[in-house]
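One chain, subunit A, appears in both complexes that follow, with subunit B as partner in the first and subunit C in the second.
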Partner chain A sequence: MFSKLKKLKLATLAFATVIAGGAVADTIKIAGWGAKSGPLRSFGVNSEAIIKAAIDRVNETGGVKLADGSMAKMSYDYYDSACNPEQAITIARKVASETDALIGIGPTCSGVAAALFGIFQKKVGDSSDTGLQMPLLTDTAVRNGLAQISQWTFRNTPNEPDMYDKLFAWLRKTHPEIKTIYGGTETDQGHSAGTYSIVIVQAAIRHGFEWVNGPIDEVTGKIGEGRANVLKSSSNWLMADTNFSVQARAFKKSGADLFIVSSHPFTTCGFLKELGRMKAMPKMMVGLTSSSSAETLKGCPKQAEGMIIPTSFAPITPAAKEVAALAAANGGAADLHSAAAWENVMIIKDVIEAVGITGDPSKVKEERAKIRDGLEALETTEGLIGKVTRVQDQGEALKPFVFVHAQNGNWEVLHDPRN
Partner chain B sequence: MGIGFIDILQSLIDGILFGSIYALIGLGFTLIFGAMEKLNMAYAASSIGGAYVGLGIATLFSLPLVLIFFIGPIAAGLLSILVYLVSFRLIPASNHLGSLMASIGALFFIDEVIIHETQGSPLTFPELGIFSEAYFMLGDLGFRGDLIFIMIFGLVSMGVIIYLLYYTRLGLATRAVSQQNIAARLCGIPIHATNISTFVLAGILGGFAGCLAAASVGVISPLLTIPITIKGLVAAVIGGLGSIRGAIIAGLLIGGVENFFLLVRGVNERDIYVFLLLFVFLVLRPNGLFGNEISRD
Partner chain C sequence: MEFYLGILQTIGFHTLLGLSAYLLLLTGQLSMAQVGFFAIGAYASGILTVIYGLHIFLALGVGAVTASFFAFLVGFPALRIKGLMLVIATIAFSEIVRLYFFNLRWRIEKGGVEVGPDGAQGFREIRYFAANGWEPYQIVSFIWIVVILVIAALWWLDRVKVGSVLRAVGEDELAAQSSGVNLTIVKVSAMTGGGFIAGIAGGLYAHSTTYVDHNSFTILLATFAVAYPILGGLKNVFGTLFAVVFIQGILIEGLRFLGDYRNLLFGLLIIIVMNFYPKGLINIPIFNFSRRTKKGDT
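Right after this comes the complex of A and B.
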């Protein structure tokens, strides 16, 4: 997890903390926030259910070891940021200034994370920057590259460019008969439209798939290239749309072998049902990572049949199976977004033990900084389906993933690229 | 891919057929406005709420799914009574803005209750049986059976409402309350009972609309509420607030315009043209297609 040199540094830090003395707490507090109201409520519900399960597990197994060797329980407060940037910023300010929470987990939505990360101090130690100085370890918010906004923000979310690159490479190899592609996205959703136009289409082009109406200007396969032209060449919709006749007809008319459908479950289902009515189902479909959730299969199991999605969570290991069961027992669901919350709690526990935390409320500021340093020093972490590599200078993660496809109302593993 | 004449015609057909949903919701807005000269912004939320209740009860008691289309409208009627009591009955009649704001509050309240009960997840909604399977071809043009059914349902609803308003005692009372509420009261017409009847009637109609909207998509989600509220309201205003046939015609018109511009200008510009149409009507024909004359200052 840590290199030898870093281990030595952290041990020295922990030792210095004990020598310096001070009060030691019996509870270590963390704060969580995410969407618990609004249309994306399931994000917060799932995330909180898994944070609760993880903290219960930590406490059942003795708690977290403090700098003086004593054990403390972990506790958490979870706030509703409603997938609303202003609300999330208010919560973050309140948590940072009015509570003893040493670290935050949140805010679930990518658009909110993009705004929220901006109020944190950009560069550690910059006295001219009065931004929040509290570490944040994010689950769920998956849009590419967000953690680089501040050195206090870290993410444990899937790396979509890597996932789609591997997916299309594998599809190219295993399905040479699939040649042409066409697609669409929700243009009012940052993650759906961003991942579609910056990552997915380019990955497909890079691996030799052809856009059905001829090459898209400026799109050569390099991430982000020709983004606007990708959107212009596609048939798109909005997140609350209910009528997909024009788009489905365009997909049908394209006659492409592979359709890319990059949207959240509600419109994915509405759109797929319209495709089904028009008898326009393609030979193959690739979906957005966010659609590999229970919501899609609750909404349209028949129409989603066969859809392929890369995901960083599937109940394929004993640990992942256990977390899926615990999430359900706590009223949530484990998916590629929420399962990271379990990993985050375990990462926080490990970091607290490594850097030597007292939990003394009078030292909140310095202990937050220590935890941040500990997070930054991580090289790998234990993930539910395998080892996670930290991209240290970016605050991001490279998580293991598998390709799943919808089969008989379930997401089943189609291919495990680690094998 | 170029856009041909058939594509344009097909998009207009699809849009007009889908506009039946807007027409039904617009009809409810206009019915309540006609009776009380007030806008019930929670109308579409009650309609979708009714559909959710229908789905919930049918699932909970393992009832035949067709019963959703009966339970949903009844539930929407009951929700409408609740909205009337909270947003209209308890607020002084002269406080139009108060009722408007209270009904907007009711909209978000109902929406949030649905979100909390379903975690915001879309749920499969039963489609309209043989109608949803049916897809008619006329040359190169396709027609969705379920949307044709919804359009016919909208036209029949219009007939039923016109009959109720002009050929029954309830309709007579509603029109009397609408035109001169003090005189109606002096004639012994119970104002609140009449208003509640109008809300229940509109609510039942909305419940059908909510169920049909969800059935046409095959999925129900709280995300349906706001767009249907906005488009239904635009239909009521363009049709002329208070005009029943106006709401129907305007709903179909909006559906057609929306789909046409989706085809030719894309999804990001689509709604600009719908609201431009509303703007044109408000400036050049403020009383809508068939509304009572509104004089401008």
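Right after this comes the complex of A and C.
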């Protein structure tokens, strides 16, 4: 009898030890979401393809090291948020409250990110703020300054002011014959119009290029100055437009040496085709970062020939080449947006290993906070084409970049400012 | 739990948007202007809480009154046209509103940061709920109290003489006018009332999503607004609610696991429902309360 009681006690003790000691997970879950339907579907498809490749790579190399030294596999769920704020918010709530995912990656669209980031707690530890408390590391949404909306949101997206500043400085130096500029943008897209009117034109003016019809009021080269006048002086279109004859005629009539075309691949191609039809190709063209993708070259390789774009991704290193191949194998394409998803998975792995995560589902809230702190503390991360500097108080990144131009249906590196 | 509460929020303000169109459909007016009123309510109440720091109740009220004022103005020219012409005219109105907000830049500095509408960059950080410590269940409760009040008001309206007058105008304008019904008052009142409800819905939407821009108020949302009562059925006010639950709850959220096939099935299910129940979801036997009640009575 005594022996049976002792056995029962021992069994109870062993069970209690397991429970109290905290279960260590064999899988670390992350979540991703982006546009997998609608006009920007390719962005979500590319991101998912690369997240899958990155997770496979982590798992093939043993997984992620947990706090107790054991290794766990990583897994992911990817949701279609359709470039729709309501859907992205619903997914974020689902991931935060219904899953054990420790961190999210996404979303695709800047307008969606602007809404999504707003439902997160603005300042960590502010008990009066009931916003979501889960870290998010964005790969795609690139509009200026979004990560500052919440201390739980981080981005690994390119820094366009720096990119265009360096691009126009280089163009000024290497192409002194290019003097005048003219441009246009898709005004209903916050990223295209914002980057064009706040960043690109100012960078060109700052480095001595002249607006073809004379100086634009209030535009002195300082970021953001006279942005409304920039838009008024340009020839613009909308993302749903299919006819660009008026705009192309205005570009042709301007006779500028350099055209700035700040739009996503879909209208960039429509516009360039019309420009080509009018035989109005300029000496030089500069495009929006988002157009340095496979979509542009699929849509209008001939017309985009020679277009110069600064980009934070090009297959110029062994790692970048490998990711491009893996993305293709998974049915996607690596570009400056989707390639960041690879870097994000690797950043998450490194942070998990650095801050000591158990993966215990009962500690999800606590471990999400640990990962957030770990992300905030990062000073640099390893990028596919070089070291990425974190802007710690803003949750943003300063990524290395190169200048590419379209050559024979490919994006070829024109200049590498890293050297 | 927060996920389900989030879906309930979405269903709540979409139901209000659908009900604003329902009120007009009772009078036979197919209006695409509801999304314009929705946008006015969203921006107005957002500006009031973010820039002026007003309480959400007051901001929503002012937003709804502003939207209803514009609806009142739209109501008069709308009297002169009907059918497809009204659809085109109200689309034009919604586009004017959308493009106005697309160009609206009203930024002030608050706490060291600029806040307010910023044209194509949108209107960020409409965070009244989270910033004031509202828990998700409180937000949902608030939204649904508003929804229930509106449903109750419309239900009651449908059971008094006013409701009969609205439906009489919707059935046959000429006959109603011959019976002494003042078409101007009826149609303009319905437009104003619909604008008020859409204005509240817009305010709740802006504060739930924390961000609005011109892309939030496209023709697609206007189509959804009229699709809800048509798909749900105009027999009574609950048809709209069923349709919103069907679209937002089942088709959009429930089928998310289908990935890319979701949108295909989405359209297919709507076609099937409209074919089998052309008078709306409310006529599906399990939802047909009135018929069941009659059977019970006998």
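Rule of thumb we're sticking to: the second predicted complex is superposed on the first by the 398 of 419 C-alpha atoms of A that agree within 3 Å, B and C clash if a C-alpha of one lies under 4 Å from a C-alpha of the other, contacts with A are read in each partner's own complex, and residues count from 1 in each chain.
Just so it is clear, a contact is a pair of C-beta atoms (placed from the backbone, for glycine too) under 8 Å apart; a residue touches a chain by one contact, two chains touch by 3 or more.
Please read these numbers as outputs of a predicted model, since none were measured by experiment.
Q: So in the superposed three-chain picture, is A:37 touching just subunit B, just subunit C, both, or none of them (first/second/both/neither)?
A: both
Q: One more residue to check, A:130. First (subunit B), second (subunit C), both or neither?
A: second
Q: Tell me the contact category for A:266 with respect to subunit B and subunit C: first, second, both or neither.
A: After superposing on A, A:266 lies in contact with subunit B but is clear of subunit C.
Q: Who does A:213 touch here: subunit B (first), subunit C (second), both, or neither?
A: After superposition on chain A, A:213 lies in contact with subunit B alone.
Q: Return first, second, both or neither, reflecting whether A:187 touches subunit B, subunit C, both chains, or no partner chain.
A: A:187 sits against subunit B and subunit C alike.
Q: Have a look at where A:111 lands relative to subunit B and subunit C in the superposition and call it first, second, both or neither.
A: Only subunit C is touched by A:111; subunit B is not.
Q: Contact-wise, after the overlay, does A:241 reach subunit B, subunit C, both or neither (first, second, both, neither)?
A: After superposition on chain A, A:241 lies in contact with subunit B alone.
Q: Subunit A residues touched by both subunit B and subunit C?
A: Shared contact residues on subunit A: 37, 41, 187.
Q: What part of subunit A is in contact with subunit C in the complex they form?
A: These residues of subunit A touch subunit C: 36-37, 41, 79-80, 85-87, 89-90, 93-94, 96-98, 111, 114-115, 118-119, 121-122, 128-132, 143, 149, 187-190, 193-194, 228.
Q: Could you pull out which subunit A residues touch subunit B in their complex?
A: Within the complex, subunit A contacts subunit B at residues 37-42, 45, 187, 213, 232, 236-243, 245-246, 249-250, 253-254, 265-266, 269-270, 273, 277-278, 294-295, 298-301.
Q: Which residues of subunit B touch subunit A in the complex?
A: Per the touch definition, subunit B meets subunit A at residues 1, 7, 10-11, 14-15, 18, 21, 112, 115-116, 119-124, 132, 135, 142, 144, 213, 216-219, 221-224, 226-228, 255, 258-259, 262-263, 266-268.
Q: Can you list the residues on subunit C that touch subunit A in the complex?
A: Interface residues on subunit C, with respect to subunit A: 1-3, 5-7, 10, 102, 105, 120-122, 124-127, 129-136, 208-211, 213-216, 252-253, 256, 259-260, 262-263.
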